[in-house]
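Chain IDs A, B, C and D follow the sequence of writing; residue 1 opens each chain.
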């Protein structure tokens, strides 16, 4: 493996930015955002430099590593602070720093009126550093550091406006649910160490063949729990919608493009584990399928533009997870969809931010309408992202999503058919709710509040949107041209069971997919474009819509199953601690006290009763002697 | 004549003395009961001396008498002192130790 | 019963006779000590018990102790008791009613238990063993034997006991000593108090008992000029002891209060 | 150079100086105390530099005859575990003095007395970890209660007397059991080659398993009360609630470590077989402590109480690590003792400042502090993150080592304990949300941010927390040989990778 000594700069630059801004305090208010953007951009630069270096090297020499220092060495548990940059992580590095830098630029303008802008940029840099650590760590434990680091950054950014209690709660909820996932990662690391004696990616990969399938399944499932927590997959998906409390650039960067895809990264990174644990893979696929439908259904009912996009994100990550669960064929497609999704979803989120910026931070789509004329650039960039997510050729989503649908069908048998149909229906629903978003926002009649003065955003904001739109248009083609990404990632994945022959011809799958998408678009068109849309959400809707509006009862479920019993348990324990545990101790004291006051009655002050007691005592003594003698 | 008969009577006298200490309230009578108990013990000692055939028991009884005399002197002085302050020779009236 | 009579008959030696006569008497006297109401009677009974014990000592070849018992106990200690009794007088403490609830049953039960245990223990310990007797130890005489022991083996305790005696005497003096908190009233002061007091009724001193009475005895109250008895004329101790005769019986029912002028 | 006795004498000398100062000159007393503790800290660091880390024997050994007729020596010496803990204590001492500059005011006695007590306590803190004579250890173990009793009862708040008495009674009860066990050991040593209190010699004693079990319990219960392990914990929240923040730091940070330190040094060394017998029970107690403390902390309404409850949870981790008998868990537990000292110190000190500014310790009384007092809020937040074991902060390393080490031998316990990390997120983030986030509630608008002295006090703590999170190697290298030594003495080796049964 190639030894590099420049990898650390990828992380060190944004980390330094965050440190300077946080420690520097108000002094850095003036230029803090510029520094942060520069740090992010230079990290991107380092990433590009690393990519060039990598391209220069022969295939088997491409992965580069750097050992920084000895981190935790105890007995056989040896973890160094080491970085690993291979074909997989470089994709992420470029996505994170690239999209990250764009969003830094966007935020300069978007956050210009916020007096805490410096802090915002510090958090952004902290996030970039943590996320890079996540994808660059050479062991599960190093990944874990980044894993929780992004959780922290996400917590800070969701709660950036934490003076609003609801936002503070949302950030806490995100962190705690992420922690549930983190627990899964802890378990996975523990099992890996107990069974294989190592926690580094390389070490685990070497040990897989010597390890029982049961252990690998356990590791795989625990990794899946971790991935579900971070990527808002079923059943740990509830936090993502609330996470939209954060400023919109945050939603674009963390909750659409990068952090939430970390789960997919984890599964892909652990491909060697999953390849050897079919049961775990199956569960991955099931979770992916459930989530993609779950997210899609929620998306149909949301009037909040950001929440609709968040539901869409959840659903799209469901696609990726599903693909990642389909084995060696699926990993590359999962990553491809992840990258294209990073472009178009970030673009759309920024578009949503641009709309909100022009509409006094209104998020209810029912209060939009006919914004096309007022925000042409936003409309175009958002529209390109829309076409991409629908999977219309030749936009990016077409390449990535169709491949996933194909692969789903290729899984074969009943599984293949179920998965294929699920993905197709998901695509159709996606088309429906995205069309709904487009129509409600940009076309139709004005339904604005009176004080709204929609206007196009400044160039600092639309430039990143434009760049991302270009990505949404072209990335799919570029990445799949000549199977570029597949070939690039090829050395990382196990291809022992080579490509199966397609069960259904790709062109047929594409046809089916496009048909489904067309149906979705058409339904949305007839429902929203041909009818008047009211500016308040209608109440006389079907039970399904009501349920979907409440995120399919996910919060109710969590509340009923975890929160309330947990609160009851806490209250009971506190009472029990006072009454039982402390009470037992105080009870002993009480017994001593009360026996004391009972015995005090004997000390009545009368010499004669003392004498009587002495007499009784003497009898007892003599009786004792008598017993002993006889 | 079995010498142990003296021991029995000594035990009886001692018991009577003990009961007297408990049931009588007049401090002087209580004192006399204590003297009775001491004397009962003395009788035992003398009897033991006879049973064992040496004089140590008698010497012991002699010492007891001396100590008893001291006790009587001091005890009666205490009674007088108490009587002076409390105008009563009842042991129940001297119950300041309680509570 | 036959057997007992036989045994008594067999052991009808002088000592046994003496024991079986004096022993029950001593026990009865001791019991009487508890049961009589007056402390003086208790003291007399106590003295009797002591004399009996002294006889027992002598009977058991403890001549010296027997004499000491009579001299020291019956002579000195009991006299001391009587003196103190006189000093203290009589009061409610002589009452035999129990004031502490439950004490008497406890005491009696305990006494029975104690006595029973002692007797049974003694029975186990000594029955069937003959006494050696003091004939050999007293060969040179009882007093000489005790002296030998006292001034050899027991000389140190003996000295300690002497120190104790002296200390006790000191203690008794200290305890009995009365601290005056006010100056002793002078005769003049007493006189003033008497006449400047609340009433002139007592100025001439308390009436002596028996004055104007039918009987001239200490326990008979004096009669006031109107014929009613004067309660203050009888000693309070007598009253407390209930030794006073009922003065109502001395009330002059028909007193001619009309004093006829002597012509 | 007689390092250890020097270390013990220095604070005493400081106490003498403070007591000689003229009455009413509080500032001089504070400065003298701060100076003394700083000197002790420097001396300790100098000593630590010379420590041979690969040598598992006791180092810096000193021994003076104390009561020769009973074979009692004033014997001192440190291994890596004791060294680390002494280092922690002496670093915390100046921080506590500096942070609690004004907390002695309003006490029952003078400010001078407060600092004399603190300095005397520091001597004892060093002594209790350095003692290698069981009798000396016991004497200091019990004597430590005295200054703490007065610090709580004299300078605390609320029901300080009741809390002080409760603390004292609990500790004395444990101490009594330990005393009985110590006497038994002494008597047995007499039957087996001469009366002694020397730990090394005592560990060679032959005893029946029943005896060993009983004596083990005597020691363990004393340490479990001190640590505190569920169900012996109820004194801690009351004591921490009533003590001044500085006292609480010393109480939870240092004194409680005597419990876990004692488990390693005395329970494991003196009674290896009994330790094995009781390990299943203790592991269960430890797991209960972890979850129980966490649940109580979640429900706590008072900030000081909350921190005390989190400590119960953390001590559960430490206890679990000690008895899991793997080198990872053992090292983790020892490192945890060190780290916990600092993260709890940070939490308590900042909480103390918050409370003294607001005049209330109820969490609900605070609100929106992040915008009023950003530096104080951040300090609290970072301390909290350390408490919830965020990777990159020091507690994570130790907590994860404990978990991973425990898992290799007791997977079920480790899995249940891991749920504690979710609860940890809750018990830290709930007060963070209530006190730091949200709108600024009435009564908090004019709170002042940290002043220079307070910043100087908290900065090193946070620096240590962060530094050891990223680079724990220097400490781990000292701890590892000792931890491995403990394990191997007990006859354990790390389980080999199981390969999942393949």
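Convention: contacts are C-beta pairs under 8 Å (C-beta built on N, C-alpha and C of every residue); 3 or more make two chains touch, one makes a residue touch a chain.
These numbers come from a predicted model, not from an experiment.
When each chain is reduced to the mean of its CA atoms, the one lying nearest the mean of all protein CA atoms is D. The highest number of C-beta contact pairs joins the chains B-C. A separation of 63 Å divides the Cα centre of chain B from that of chain D. Rounded to whole angstrom, the centroid-to-centroid distance between chain A and chain D, based on C-alpha atoms, equals 37 Å.
Remark: chain A and chain B have CA centroids separated by 95 Å (rounded to whole angstrom).
Here the CA centre of chain A is 103 Å from the CA centre of chain C. Those residues of chain A in touch with two or more other chains are numbered 604, 606, 608, 612, 615. Counting partner chains per residue, chain B shows two or more touched chains at residues 18, 22-23, 25, 91-92.
Touching of two or more other chains is recorded for residues 100, 103, 106-107, 110-111, 114, 118 of chain C. Contact annotation for chain pairs lists A-B, A-C, A-D, B-C, with touch applied as defined.
Against chain B, in their complex, chain A makes its touches with residues 600, 603-608, 611-612, 615. Residue ranges of chain A in contact with chain D, taken from their complex: 22, 69-77, 81, 141, 144-145, 147-149, 152, 155, 159, 162-165, 168-169, 171-172, 175-176, 179-180, 182-183, 186-187, 189-191, 193-198, 207, 210-216, 218, 566-567, 569-571, 573-574, 577, 581-582, 584-585, 589. On chain B, the positions that touch chain A within their shared complex are 18, 21-23, 25, 30, 91-92, 94-99.
Against chain B, the residues of chain C that register as touching in their complex are 11, 13, 15-16, 19, 23, 26-27, 30-31, 33-34, 39, 42-43, 46, 49-50, 53, 56-57, 60-62, 64-65, 68-69, 72-73, 76-77, 80-81, 84-85, 87-88, 91-95, 98-100, 103-104, 106-108, 110-111, 114-115, 118-119, 122-123, 126-127, 129, 131-134, 136-138, 142, 145-146, 149-150, 153-154, 157-158, 161, 164-165, 167-169, 171-176, 178. The residues of chain A lying in touch with chain C in their complex are 604, 606, 608-609, 612, 615-616, 618-619, 622-623, 625-626, 629-630.
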